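Pasting in a structure now, in C-alpha cells, and then I'll have a few things to ask.
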Amino acid sequence: MTTEIKTVEDVRNIAREKLKGICGVYKDCDGDPRRLCQGQSYGRALGIGGTGSGASFNNNYLALRKYKLKMELIQKDIVPNTFYDFFGRKLTMPIMAASVAGVNSFGGDRVITEQQFCHAVVQGCRDAGTLGWRGDTYTYSLENSYGIDAIAEVGGHGVKIVKPRNQDTIISFFKKAEEIGCVAVGVDIDGCGSYAMATHKKPVFKKSLEEIKELISSTNLPVIIKGIMTVEDAGKAIEAGAAAIVVSNHGGRVLDHTLGTADVLPHIAEKSKGKIRIIVDGGIRTGYDVLKMLALGAESVLIGRDIIRAAVGAGVKGVRIHMEYMQKTLQKAMKITSCRSINEVSPKILY
Amino acid sequence: MTTEIKTVEDVRNIAREKLKGICGVYKDCDGDPRRLCQGQSYGRALGIGGTGSGASFNNNYLALRKYKLKMELIQKDIVPNTFYDFFGRKLTMPIMAASVAGVNSFGGDRVITEQQFCHAVVQGCRDAGTLGWRGDTYTYSLENSYGIDAIAEVGGHGVKIVKPRNQDTIISFFKKAEEIGCVAVGVDIDGCGSYAMATHKKPVFKKSLEEIKELISSTNLPVIIKGIMTVEDAGKAIEAGAAAIVVSNHGGRVLDHTLGTADVLPHIAEKSKGKIRIIVDGGIRTGYDVLKMLALGAESVLIGRDIIRAAVGAGVKGVRIHMEYMQKTLQKAMKITSCRSINEVSPKILY
Amino acid sequence: MTTEIKTVEDVRNIAREKLKGICGVYKDCDGDPRRLCQGQSYGRALGIGGTGSGASFNNNYLALRKYKLKMELIQKDIVPNTFYDFFGRKLTMPIMAASVAGVNSFGGDRVITEQQFCHAVVQGCRDAGTLGWRGDTYTYSLENSYGIDAIAEVGGHGVKIVKPRNQDTIISFFKKAEEIGCVAVGVDIDGCGSYAMATHKKPVFKKSLEEIKELISSTNLPVIIKGIMTVEDAGKAIEAGAAAIVVSNHGGRVLDHTLGTADVLPHIAEKSKGKIRIIVDGGIRTGYDVLKMLALGAESVLIGRDIIRAAVGAGVKGVRIHMEYMQKTLQKAMKITSCRSINEVSPKILY
Amino acid sequence: MTTEIKTVEDVRNIAREKLKGICGVYKDCDGDPRRLCQGQSYGRALGIGGTGSGASFNNNYLALRKYKLKMELIQKDIVPNTFYDFFGRKLTMPIMAASVAGVNSFGGDRVITEQQFCHAVVQGCRDAGTLGWRGDTYTYSLENSYGIDAIAEVGGHGVKIVKPRNQDTIISFFKKAEEIGCVAVGVDIDGCGSYAMATHKKPVFKKSLEEIKELISSTNLPVIIKGIMTVEDAGKAIEAGAAAIVVSNHGGRVLDHTLGTADVLPHIAEKSKGKIRIIVDGGIRTGYDVLKMLALGAESVLIGRDIIRAAVGAGVKGVRIHMEYMQKTLQKAMKITSCRSINEVSPKILY
C-alpha cells in the first residue's frame, strides 16, 4: 500500500489519520484558533500550535499573505533554475527542513519516535537534493543526540542547532557536530524562554554578544544564529561573526503576539543583506510563499510544521515528496513571475 | 421532473447533489478555504479550487467586494438595455461563458463528460442570446477537439482558446477554428504554468511579443490574449495587434497570491481603454458584479465556475437559466444605478 | 404556556422553532452568508436575506459597528427620556416598525399570514407606545390592503408605504390611507427593482422629481420618501416637498453591494438636517444601535427583520416585548453616554 | 482524582464540563458571537457574555491584539522579577482577580455558590501570592456580604468594590470593609446601567464629582474608581482624590460598542500617569497580555472571566493554578522582551 503514496496529498491523508485530535493537517495551516483542530481540542495546547493565543503563529501566516505576486507572461519562455549553494553544498532548492525537535509532545512514540523523525527529515531532505536541520530539546543530551546521529548517517549532510544551554554544553555539541562533518551548527536563541528545558534541569539562557562570540570562536564550522526578529539583533549577530541568521519567532512558540517574520524580514534585509546570510522561517506552505520570502530579502527558507506532518505521514518518503512539491511550486512561481534563478528574484515581483 | 427546473437555485440544488464532497455550490462562492467544501476535504486540491492556498481565487472575490454601488432613484423611469456587440455578433448581454476545460478533474465522467460539458456551455449560451468560449487541456488534441466540435454544432457561434502550446499546434487549432467559422480565437498565456499539460507531454510555454505577433498573423480571426494582469502585458498585447485582452489570473489556478482582477482592471483600463477590447473574469457571481466590472473599465465579462456548476446541474438548460439570471440581475443593477445601456456605465456609479 | 413569554429571548426561541431552516433568529443577525442559517440552506435565497451575495445587508450591519460609544460616568445621575414626537403623535421612543411586507415568502401561512402579521406589528407597536409602518407587495391591492386594514383597526395609528407603482394606484392608496386617518404615507422608491411586482403584473417604476411632487400634492398627509442613499436624492426629496426621508437600502434586498446606511447617513444629515425629517433603517438590533443612528443625524429609526421575528414568535405580544426591549436598551445607552433626551444626542458620544 | 489537577488545562477541562451549554471555556476567549458557546445558545444572554451584540467584550480582546511584542534576545541573561507593591502589600505579580459577582447567573448553585466562589477567589489569589477583589450585585447586602466575608477569612487581604448604590449604603459597605481590614475599597461606577440591581429594588446611580469626594472622605481606606474609559473621567477621579482608577468597560457588560480598554489606556496613561495608580482589565488572557497592558501604561491588571472559570473548575486550587500560570507567562514574556522588573516595562517593547 505504501507504494501508492505519490503526492503531498497522499502523505497528508495518512498524517491526518495518525494525528487525529491533535492536528487537522490542513494544506494551508494558519494556526488560527478557530480551525477544526482547535475546535476539537477547545484550545488546549496543541503539539504543534503556538504559545498563548497562537497569535504569533497566525501572524507569520498573515504577514506572508499581505504580499501579492505579479504575473508577467508576455516574455520569452524560461525554465527556472532553483539551484542553491549553502556553505558549499549544492542544493536543488533554497528550502531546507527546520530544526524542530520533541515530536513526542504530540502523540508520543505511538505516532513517531524522535529517532525515526530525525532520520526521516535528514534522509528525506537529502533524497530531494536538499538538507535537513536538526534541533534540540530536553530529551536530547550528548549521549542521546538524535539529531547529530541522524546527520552522521548521511555523512554530515545537515545542520545541528543547539538550544541556548550553558556555554560548555553548547560547545560540546558543536564539537560533536564538527566530528561527524556537519555543514554548519547554530543556536536558536529564541529557545531561551522554554519551560520544558528548565523543568527538566537543562536550563536555557539569553546570550550576550560576548557569549555568542565565544561560541563562534569555539568551532571551525559556520555558526548560525536563529531567532532574530529585530535589526538590532541582526546587527549584533554580524558583529559577533555569525555565518548566517535565521529570521524566526520560533514558529510562534516562545512569545505570543510577535510580528510575523515576513513583517520584519524586509527591514532586517535592508540593513544586513550582503553582510550575512539571511534565512527565514514562519508560515511558509508552498513554493509561492518561498518566492515571496526570497523577494523580501532571504536567501533561503526553512520548513517546520509541514515537514513534521510529512515525516509522520510517510517517513523518509513523505519528507522527500514534500520537498519535491516545494521545489516544483517554487519553480512554477518563478516561471510565471519571470525569474530564471533565485538570484534574479527581487522585490519587483511583489505588489 | 427536469421540466420543473426553472431557477438558478433549482439548477444549483441538482449540481450540489452531484458534486457532493467536491464542491458546495454556494451561490456566492469565494474560494475561502474555510468553507464547507474545503472543510470536508481537509483542503485537498479541489476540482474547481485555486492553486496553493487558494488566495488568488479568494482575492478575485475580495477585490470585487471592495467596490460599492450607488443607488440613484429619483429619476425618470428607464428600462435598461444590456445589448452587447461582440465582433459583430449581437449578444443580449456583455456576459459570456469562460473557456474552462478539463471537467473530468472533478468527479470524472460520472458527473459530466467533456463532450457533454462543451455542448451544454455553447448551446446554453446561444439559447440565452450570448456566446460560449471553449478552452483546452491535456485531453484535447486536433483530433479530439471537444470545444471546436461543440462550437461547430452552433455554426461557429463561439470562441476557441488554446493553451500556450508550441506555435505550430496553436496555429493548427486556429486554422480549424477558422474553418468552422468561430467568432474569434485566443491563447490563455497564463496557462504556461500548467503541470497537467507538461505531465501529459503537451508542454506549454511563455510567449514572447514576437511569438504572439506570429500567432496573430496566422489567422484572419480576431485573436484574444487571456491572462493579462499588468499594464505592461496589456501594452504588449496592443503592440502585437491583439483584438482583445482578458484580464484574468486564470481563476487563481496558476499562481497563488496574485492580486484580484478587479484590483488591476482599473489600472489596465486607464492605459488601454479605446486601444483594445478589455474583457475580464474572476469572482463574478451576479449581474451586480458584472456592473462593477463594466464600471471599472471592462467592456464584457466571462463566467467560469458558475457555468460549470450550471452545466453539471442541468446541461444546456442549466447554462441558459444561469445566463438569463445574470442578464436579469445586470439589468436590475443598471436600473437602480441609472444606466440605460452598457455604454452609460461609468466609474461614477461606484464609491 | 404563552403566558410565560416575557423576554425578547423567549420570543426568539419560539420564532427560531417556527423558522427552522429559514432563519437562525440570531440576536445580532448580520446577514453574513457563513452564519448557520445560510449554511443550512447552502445560500439559497432566504425569506429575509439580502439580494445577491447579501453584501448590502451585511454592510448595514458592518457600517454601524464601525462607530464606538463613549462612556461618560462621573456625572450627576439622570433618568433619560426617550420621548419622540412623530408628526404630532407622542411616542415613547424614536423607534418604529419598518414597512416590511410579503411574509408569505418565508414559510407561507404555516408560519404567519400577512393579515396576522400586519395586525401584530401595528397593535404591538401601539401597545409599546410607538407606531408601526405597513408596506406593500404584489399580494396587496386596494381591495386586499392588509396594511391599511391593520392601521384602521388602531384608529389610523400607523404609516402606509406604497411601492412605486403607477401614479394613479399610489394616489388611490394614499386616499384610502387618508380616509382611515393614517399618520403619514410614503413611497419606498428603492422598491423599483422588484422582480416580484413585475412578475405579478404590478409593475414598479423609478420616480422623477415631478412624479414625486404630484404624489405629494395629491394628499394632505405628510409624505415620506424611503430609499434615499445619496445627498443628491435627499436634496430632491426636499425640493419635492416631502415631509421625511428614510435613509435605507431596503435592507439590502434591492441592490447588492451598496454602502451601509450608517455610512451615508452622516453625509446626508450634514446637508439636509433641519430641512427634512431624517429617519433611517438597516442593521439596527438594539437601543445601542439606535443611539448611534441618532448621533449620526437621524431623528428616528425603523426596525425590520427583528420585528418580523418578533411577530412570528409571539404576535402582538412579541412585537410589544421587542419594542420595549429596544426602548430599555436605548435608555440605558443614553444614561451611560449622558444624554437626557433624544435631542441631546450628538456626534460627541461617538468615537 | 482532584490530586491530579495540575495545569490550567486540567482546570479548564473540568470547568468546560460543568459549564456545558453556557461557556466553551476557550483558552483565548474573545467574546465573538460566532464561537461555539454562542452558536449553541443562538446568541441568548450568556452568563458571562457581553451586553447586546457582545461587541464591547470583543473590542477588549481585539484592542489588545493590535499591539505586538518585540523579541530582544542577544542580551545578558536575566531572571525577571514580577514583584508588585499594592498599597503596601507585597504581591508576587501585578495581576489580581477582578470583582466579578453574581455567578448564580450562569448555572446557579449547581455550578458554584456565590459563597464558594468568593472563597475560592480570595483564597486562591492569596495562595498564589496575589490578591482577590470582590464585587457586589443584587443578592448582596450588608447582612449577606459574601465578598467581605471571604476577605475577612484571609485577614482582610482583598479589595471590596461596591456598586454605585445610594451614598449611605456604599458608605456602610466601606465601613464594614474597614472593620475587617480590607486593603482598599472602591465603586464600579460603570455598574450604574445594571438592570438587575434596579429590578431587585437596589437602584444604582451615576455619581457626580461631589458624591465621589464624599465617598472618599468617608473612609480611611484607599478608594478605587472602576469604570474609567475617558481622559475626562480619569481627571475627575484624580480631582476627587481617588487612590486608583480601573480602566474598564465592565467586561463589555454595561454598554455595547465601546472601545476596548487597550484602545483608551495609553491616552489615559499619558495624562494621568504619576498622578494616580492606573489599573486595567478587559480581554487579558495570559502574561503576554499583561505585559502589553503594563507597556501601555497600567501598573497592574485584573482578571475576570478566566478567574470565574478557574474557580468553577477547581475552586481555591483552580484560582491558584490560574494565577501561577499568569505569573509564569508574564515572567517569560519579560525575559524575551528584556524587562528585569515591572518598572522596566515601557512602550519600547511594543510595535
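First chain written, first letter: the chains are A, B, C and D, and each begins at residue 1.
Quick note on the criterion: a residue touches a chain if its C-beta (ideal position, glycine included) is under 8 Å from a C-beta of that chain, and two chains touch if they have at least 3 such contacts.
None of these values were measured; they are calculated from a predicted model.
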Give me the C-alpha superposition rotation for subunit C onto subunit D, in degrees, nearest 5.
90
Could the interface between the copies subunit B and subunit C be described as same, meaning over half of its residue numbers are common to both, or is it different?
different
Using CA atom averages as chain centres, what separation in Å is found between subunit A and subunit D?
40
Taking each chain's centre as the mean position of its Cα atoms, how many Å separate subunit A from subunit C?
56
Among subunit D residues, those touching two or more other chains are none
Once you've mapped the touching chain pairs, tell me: line, ring, star, complete or other?
ring
Can you name every chain pair that touches?
A-B, A-D, B-C, C-D
Tell me, which parts of subunit C touch subunit D in their complex?
9, 12-13, 16, 24-28, 35-36, 65, 67-78, 285-286, 288-289, 292, 328-329, 332-333, 335-338, 351
For a test of understanding, state which residues of subunit D touch subunit C in their complex under the given definition.
33-34, 39, 42-45, 51-55, 59, 189-190, 192-193, 195, 205-209, 212, 225, 227-230, 232-233, 236-237, 240, 249, 254-259
